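Labels run A, B, C, D, E, F, G and H following the written order; every chain starts at residue 1.
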Amino acid sequence: MADEDIRGILQSVREGTLSVEEGGSRISSLYKDDLGFAVIDTRREERTGYPEVVFCAGKRQEQALAIIGRMRERGIPVLGTKAGPELAEAVRARFPEAAYDELARMLTLGAPMGDGTGLVAVAAAGTSDLPAAREAAVTAEFFGSRVELIADVGVSGIHRLFSRLPDIRKARVIVAAAGMEGALAGVIAGLVKVPVIALPTSVGYGASFGGLSALLGMLTSCAPGISVVNIDNGFGAGYQANLINRLGSS
Amino acid sequence: MADEDIRGILQSVREGTLSVEEGGSRISSLYKDDLGFAVIDTRREERTGYPEVVFCAGKRQEQALAIIGRMRERGIPVLGTKAGPELAEAVRARFPEAAYDELARMLTLGAPMGDGTGLVAVAAAGTSDLPAAREAAVTAEFFGSRVELIADVGVSGIHRLFSRLPDIRKARVIVAAAGMEGALAGVIAGLVKVPVIALPTSVGYGASFGGLSALLGMLTSCAPGISVVNIDNGFGAGYQANLINRLGSS
Amino acid sequence: MADEDIRGILQSVREGTLSVEEGGSRISSLYKDDLGFAVIDTRREERTGYPEVVFCAGKRQEQALAIIGRMRERGIPVLGTKAGPELAEAVRARFPEAAYDELARMLTLGAPMGDGTGLVAVAAAGTSDLPAAREAAVTAEFFGSRVELIADVGVSGIHRLFSRLPDIRKARVIVAAAGMEGALAGVIAGLVKVPVIALPTSVGYGASFGGLSALLGMLTSCAPGISVVNIDNGFGAGYQANLINRLGSS
Amino acid sequence: MADEDIRGILQSVREGTLSVEEGGSRISSLYKDDLGFAVIDTRREERTGYPEVVFCAGKRQEQALAIIGRMRERGIPVLGTKAGPELAEAVRARFPEAAYDELARMLTLGAPMGDGTGLVAVAAAGTSDLPAAREAAVTAEFFGSRVELIADVGVSGIHRLFSRLPDIRKARVIVAAAGMEGALAGVIAGLVKVPVIALPTSVGYGASFGGLSALLGMLTSCAPGISVVNIDNGFGAGYQANLINRLGSS
Amino acid sequence: MADEDIRGILQSVREGTLSVEEGGSRISSLYKDDLGFAVIDTRREERTGYPEVVFCAGKRQEQALAIIGRMRERGIPVLGTKAGPELAEAVRARFPEAAYDELARMLTLGAPMGDGTGLVAVAAAGTSDLPAAREAAVTAEFFGSRVELIADVGVSGIHRLFSRLPDIRKARVIVAAAGMEGALAGVIAGLVKVPVIALPTSVGYGASFGGLSALLGMLTSCAPGISVVNIDNGFGAGYQANLINRLGSS
Amino acid sequence: MADEDIRGILQSVREGTLSVEEGGSRISSLYKDDLGFAVIDTRREERTGYPEVVFCAGKRQEQALAIIGRMRERGIPVLGTKAGPELAEAVRARFPEAAYDELARMLTLGAPMGDGTGLVAVAAAGTSDLPAAREAAVTAEFFGSRVELIADVGVSGIHRLFSRLPDIRKARVIVAAAGMEGALAGVIAGLVKVPVIALPTSVGYGASFGGLSALLGMLTSCAPGISVVNIDNGFGAGYQANLINRLGSS
Amino acid sequence: MADEDIRGILQSVREGTLSVEEGGSRISSLYKDDLGFAVIDTRREERTGYPEVVFCAGKRQEQALAIIGRMRERGIPVLGTKAGPELAEAVRARFPEAAYDELARMLTLGAPMGDGTGLVAVAAAGTSDLPAAREAAVTAEFFGSRVELIADVGVSGIHRLFSRLPDIRKARVIVAAAGMEGALAGVIAGLVKVPVIALPTSVGYGASFGGLSALLGMLTSCAPGISVVNIDNGFGAGYQANLINRLGSS
Amino acid sequence: MADEDIRGILQSVREGTLSVEEGGSRISSLYKDDLGFAVIDTRREERTGYPEVVFCAGKRQEQALAIIGRMRERGIPVLGTKAGPELAEAVRARFPEAAYDELARMLTLGAPMGDGTGLVAVAAAGTSDLPAAREAAVTAEFFGSRVELIADVGVSGIHRLFSRLPDIRKARVIVAAAGMEGALAGVIAGLVKVPVIALPTSVGYGASFGGLSALLGMLTSCAPGISVVNIDNGFGAGYQANLINRLGSS
């Protein structure tokens, strides 16, 4: 990884401007920005194409602020997921350029990446699935895709889906967000020529078991062309959709 | 679906009063009332016999109000399920004709449908099962059935059930609501000639696992004549019971 | 239960032709045909409309034969479920009138009941779901319904379902058999005016967990008008469908 | 435990006929009959009232034979559970006095213990529950209870249970064996004055999940007076029933 | 059930002082005290030896008060389980004789039943298991047993258990309450001659899964002489223990 | 769907060469090739880009043969999944051009589709994961991708993975097949710029629970850029990978 | 256990300075400090090398205070786990020498044990895993190990782990704390020569199921040299790590 | 890792005897012995202290033979786990020095490593737990520990354990193998000063759920000093025990 850097160090070692010991040590310390409680993956973009994302749940407010601050200092655009309104307020007090999407519970700082070419369609089965769907949409947009969010096209009134099919078919990749039985993903996959990222949500009660029913339904769908992310993981769905979309742009 | 409409459009196309392109587009848009975050299934009644129902859990207050408002404008009777008291208050402030059943957590706007012929019996195993049982009763009544709710006839004191059997046997279909081991459904099904809709509830603790014990018990009952709905899904039980009851009336 | 018999005994007691002690004992023994290892529910038809059914799995061959023999002696039509081919052979050797459906693993002895009025549609998502679907079809026919089995209409190629909708819509009640994600039941329920009995099957692998994915999907379907039976319980689905169909005939 | 022995050793130590070291060592070795792969609990009867039982599943034939042989040498009556027919044959070849109950898969060697006072009733819901029920019956008899096994009294035809209630009520303790939804235990417990030991069986399929549905149903029964043993653990149910019965005899 | 009453009615019918119709009706209504939302099982004591118990969780305050009130009017002693402090306050305001055990969350009104003969030992593994253990103790005492509660004898310091063994061995039946791995029940059962009622508690975290680990451990214990009640069901354990103890007193 | 056909029919209707009734009927029957037990989705390729695939598990040999025969008659290339060796033999006897991959349990008839541009890398954690990995590889190749299968690069010896990273990084999309803890997918996703399709396998024992551990691990991976298919669903992984790869080629 | 004490008593008995009865009684009471609701294991250190630890969750404040008080009186160092801030405040009010680690939710009173030789490395996958990791670190330090906590080295940016490997490799034993897929433990175990204690945390959502995904992943890791503790059981991990470290010091 | 090799290459690069490109390539290929379907981790011993182990389940015979052959060529001692008797026979035909332990299902080729200092005690709860226990014992011995296997010391007859305690206490680390409720590990950990590796086995039936009950019980044990391996993973337990034992020897 980061082959040029390693080659550079090897070159210096060969030229004698760098001792063998120091060469080894420098390779070790190439990627480290250590806050003590967190180590920022500063060269992640070089390795995976996109910078690190901040998972805010379970982090204390001062930890999240410190991580965001260090990333901004280095000019890294920040996407914060699963961020509650209190944290959002604290972040916006410190970083006025921060934007907060309350429905998606996401913070964004810095300009979206990429040029917005290629369409990602995010279809949501019901109104209650919108938070997860919107998390996917915000993520894909942040990383450079054009996104269209298509709400309330669940299979219990399947004509609603059919009336939006022409829009859905324009996309290079589709995110299908649904709770309860999660059938939306399989029905769409049987109607389109592009990959479907299935996003199970925790919408439902009783035998939904917190999204398990949608998750299992999507995993076992008889329609090929589906792959699945974690329950309520709109971020993961949007990220994967953007990666796929980018392939179509290159 | 909605075959006459499609035929009408085809007719206009044939007669030349409608272009081929417009004909295709009009078929697509036949059923759409799109609020952005929700698409009301305006012709659901034509397709399935009954209008759409509003699942209130997970919807924001302004979303629920907008959906209810649009349905009332179109003259569609509204049944709102899993509605908390705060939402109920907001709805009643805006729509004074709204009624709220606190135990069932249901909102109703508009006159019940149908003529109340045919009896649906809703039997509840214990007092704590009443919310689910009442959700079933309110639903079946709203859609046109006559309903009798029979409380506290669980199998641990089985004579209570026997003393109410003559009432239960008058029904065309029976909803049996029970938590814990959910045995009520199987015992009733062994004593009557009509279908039993088993409604597992989340009443219980420990190995009830939120209603799982009742659900599994009802699914595996050795008595035939039972089919099961989701845990605490009184609405689904009442809806199915009314559909069955209506068959007996036609 | 069996109120006339009880009244008859009470009458005899009043008239003095029966002692009080004997009256009590006779009430106790009204329904008993005890083979030692099994007690045949000889008056089940009177109580629930249909005779007892023989669940063959887990019974030894001699037990099954004895039970079937006793029922035939009493002129009760026999439906045997989950019967393997070895048992079928033994039964047919003893009772030449027995018919065996190998796919459904069902034995039938005696003429079907009822007059075949009213249509039950049994829709199967895939070819591998046919054993369960056929168990439902054979059951409903045995108990007096007319049945149409519609194969391979799963949602991954949803046009196959739409092309069969006119047939499906003729039924008074629909059984929807599906494994994997089990989405068929919800899609159908959003398109018809009659009750849907969802029949999850164990078809699938991996996260299907022996039918659990289909079961949970059907229980949590967002379409109302569905109730669910146990995994692979074609018998239960067909029995319930026939009960419902009969309501429409009365 | 075994206080007299310990006191005896202490006495010898005091009297000087036993050294302190040897006294300690002798206490350690009081209860040991070590076959290398198994240590027979030779004084279990003294501690718990009954000798050790041999759980045959998972043991190799030579291991089982060696254990049984050693117990017979010491005159300990042997009860072997979960014993397949091959093992039974090998045991009977070596120990002609051995009896084998094929249905219960149990081996017995040596005379039953106790005097057969006090009745244990073992009620089985269906014919397929008989193996577990019979395991309970054989166990309780072996340890000294009088047992009546009452077959096929499941709740789907609840009158069968009522007609046998007088027999069931004669017992000091009742074992209720049932698979599927396991409702039998709760119904009986609501009708009797004595403890019910619920014995869930693995009879069923689909959502029975190998007996889980019956187990959960019995654990969560709303009727008090029930305690539950492991799925298919007829031995445990019969053992506990005999312990309870013995209390009534003392 | 309630055979004398039925005989009495039959007698009146024979003598002609009661019409046949009225006789049938009177049998039906023998056991009914119907509050609308609850049907009090007024003759439960006659059938099962003890009066009905009020499960307070999930009941509204006014429902609980009404049920308690009606039972007190009829002179039935009341035991209320899973009762929160608010309900307790309301009950004590209305019924000053009510006693409330805050740890066990139990209400009692009326004198304990029976004479306190026979000892029930309730052993608790840890201090955190005391609420469940105390629920068992209060229950057994209320129904007439003498009870000794032995705290903090979990198996991680097994000598604590051994030092209390002499006390435990005096009991006719033992309740073993434990969370986490629930090993206490099996260890005790290997050391005593009387039945052990295993009471799994929800004490623990992580892989305890709300008491599942203790429940499974107790069900699968290799020591015979154990039967198990639901997680945190101290009431059920105490009730069963008292039933067993009573056998030893008769 | 199939818009040109529909437009053509509408055009004929307008021109009067087709009656309105016949137009409606023809739209309905556009896609139907019904074998009775199966309905071949003959125009699936037009709708989703690729023809239907035959899931062989649970189908009888004569059913599979009939389906394959009909598809070959229509010139549709056939991919059969989860096909046992007996079926393979029967298929090859009838269709000599059939190829069978025993490890992947797959049948192929007809030339691969597409031009083999774009690389799909299939990485397998261990030798035992090869059947699932190979199913993915065969599928992606059949549908037109170039594939490189990279075996035995599990994370317990992570240098093996690093030494193959240059090959893996050449791919447009990566399938990561792993059982047990399934960590391979997350580690790869943290090192590459393209989408990773995680393929959990049922390799393992004990707490692997048939692939559940790998499935959950892959779903909850903290590395973005992963989406997951069903356990052992190599077909689904390969199909999705090919869909994504094709995007990069267009 | 405590063999010298037992020998001492035996000696006194032999010498006649102690009666046989009193000797037996004294052996029984050797280890008992009974507070009624709790029995302090006062000689645990002698038996297992370390004093008892106070599990604070589920204990009432006065119970925890009493236990801590009694232990301090006897000069036993106290470690309190899962202690909330309210309890911490109450403890510090009574025992000013108490220290509270808010992140780890741990109380410590009294000097750490041992000499701090031997290094335990505690590696945490993410910032949100720090509470569990810190619980492990505080525990190991309290019982005498030197500890280095290494934060944020999860496998999604695996170079962060590699850059810290030299530090990690200095340890005698490593605790690896991770939520989500829990892959950290397996990756580390493939790179070091010492035992790894895997500490799954409840960090994550959806299919993490409260830490189940990490737990299963760690249990099924294909890398040998791992053993696992309960979810969020930092105490258990730190305790085990210290035990192992001590072996290296002796 | 393998720092000297890397330094050597850097040195050669500096000295100019190796080009920069070749240096990079050589680092990549340092550890590779690729059989196509498997990549042998040839320098694992250098990294983790011990050579790779062959997990035989799920591998084809020719694959296993090829892997073993290549390892033997390189002089690496071979330990093969989960090896069936057929494979064993094939291996011994090819490699006559191979030894096979049928109970443990393990193959060994080459001399045990290390010097056998330090004792590992492997305690098995019952005779049926011996296969897993023996797998642990063979593993620890192969890697250089002295091992004592102590059979049949389950907690249902706890004196058997106490009589073997002096032997158990001589060990530096203890493996406790138990199925069913798995209580053995917790009881031992409360009695010793060294680490306990808990090895849950799949022995049991019903609610054992294939070893889940033992696994959960061991994870949630209230005794500290325990860590747990996968169900039936005797290899993992023995490997970890040997690692720990080695620490005590260094």
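Here, contacts are C-beta pairs under 8 Å (C-beta built on N, C-alpha and C of every residue); 3 or more make two chains touch, one makes a residue touch a chain.
In this text the structure is predicted, and so the values were computed from the model without any measurement.
With every chain reduced to the mean of its CA atoms, the largest distance from subunit H is reached by B. Of the two chain pairs considered here, A-H and B-D, the higher C-beta contact count falls to B-D. For the touching copies subunit B and subunit F, the fraction of interface residue numbers used by both exceeds half; the interface is of the same-residue type.
Taking each chain's centre as the mean of its C-alpha atoms, subunit B lies 25 Å from subunit C.
One simple way to say how far apart two chains are is to compare their mean CA positions; for subunit A and subunit G this gives 37 Å. Subunit F and subunit G have CA centres that are 49 Å apart. Within subunit H, contacts with two or more other chains are made by residues 1, 47, 55, 126, 156-157, 189-191, 206-208, 212, 215, 219-220, 222, 224, 230-231. By the document's touch criterion, interfaces exist between A-B, A-C, A-F, A-G, A-H, B-C, B-D, B-E, B-F, C-D, C-E, C-F, D-E, D-G, D-H, E-G, E-H, F-G, F-H, G-H. On subunit A, the positions that touch subunit F within their shared complex are 1, 47-50, 53, 55, 165, 172-173, 189-195, 197-198, 215, 219-220, 222, 224-231, 235-237, 239-240, 243-245, 247-248, 250. Contact residues of subunit D toward subunit C in the complex are 126-128, 130, 151-153, 156-157, 159-160, 162-163, 166, 203, 205-208. The part of subunit E that touches subunit B in the complex is made up of residues 1, 28-32, 34, 36-39, 41, 44, 47, 52, 55, 57-59, 63, 67, 82, 200, 202, 210-211, 215, 230-233. Touching subunit B in their complex are the following residues of subunit F: 3, 6-7, 10-11, 13-14, 16, 20, 23-24.
Residue ranges of subunit A in contact with subunit C, taken from their complex: 125-126, 154-158, 180-183, 186-187, 189-191, 204, 206-209, 212-214, 216-224.
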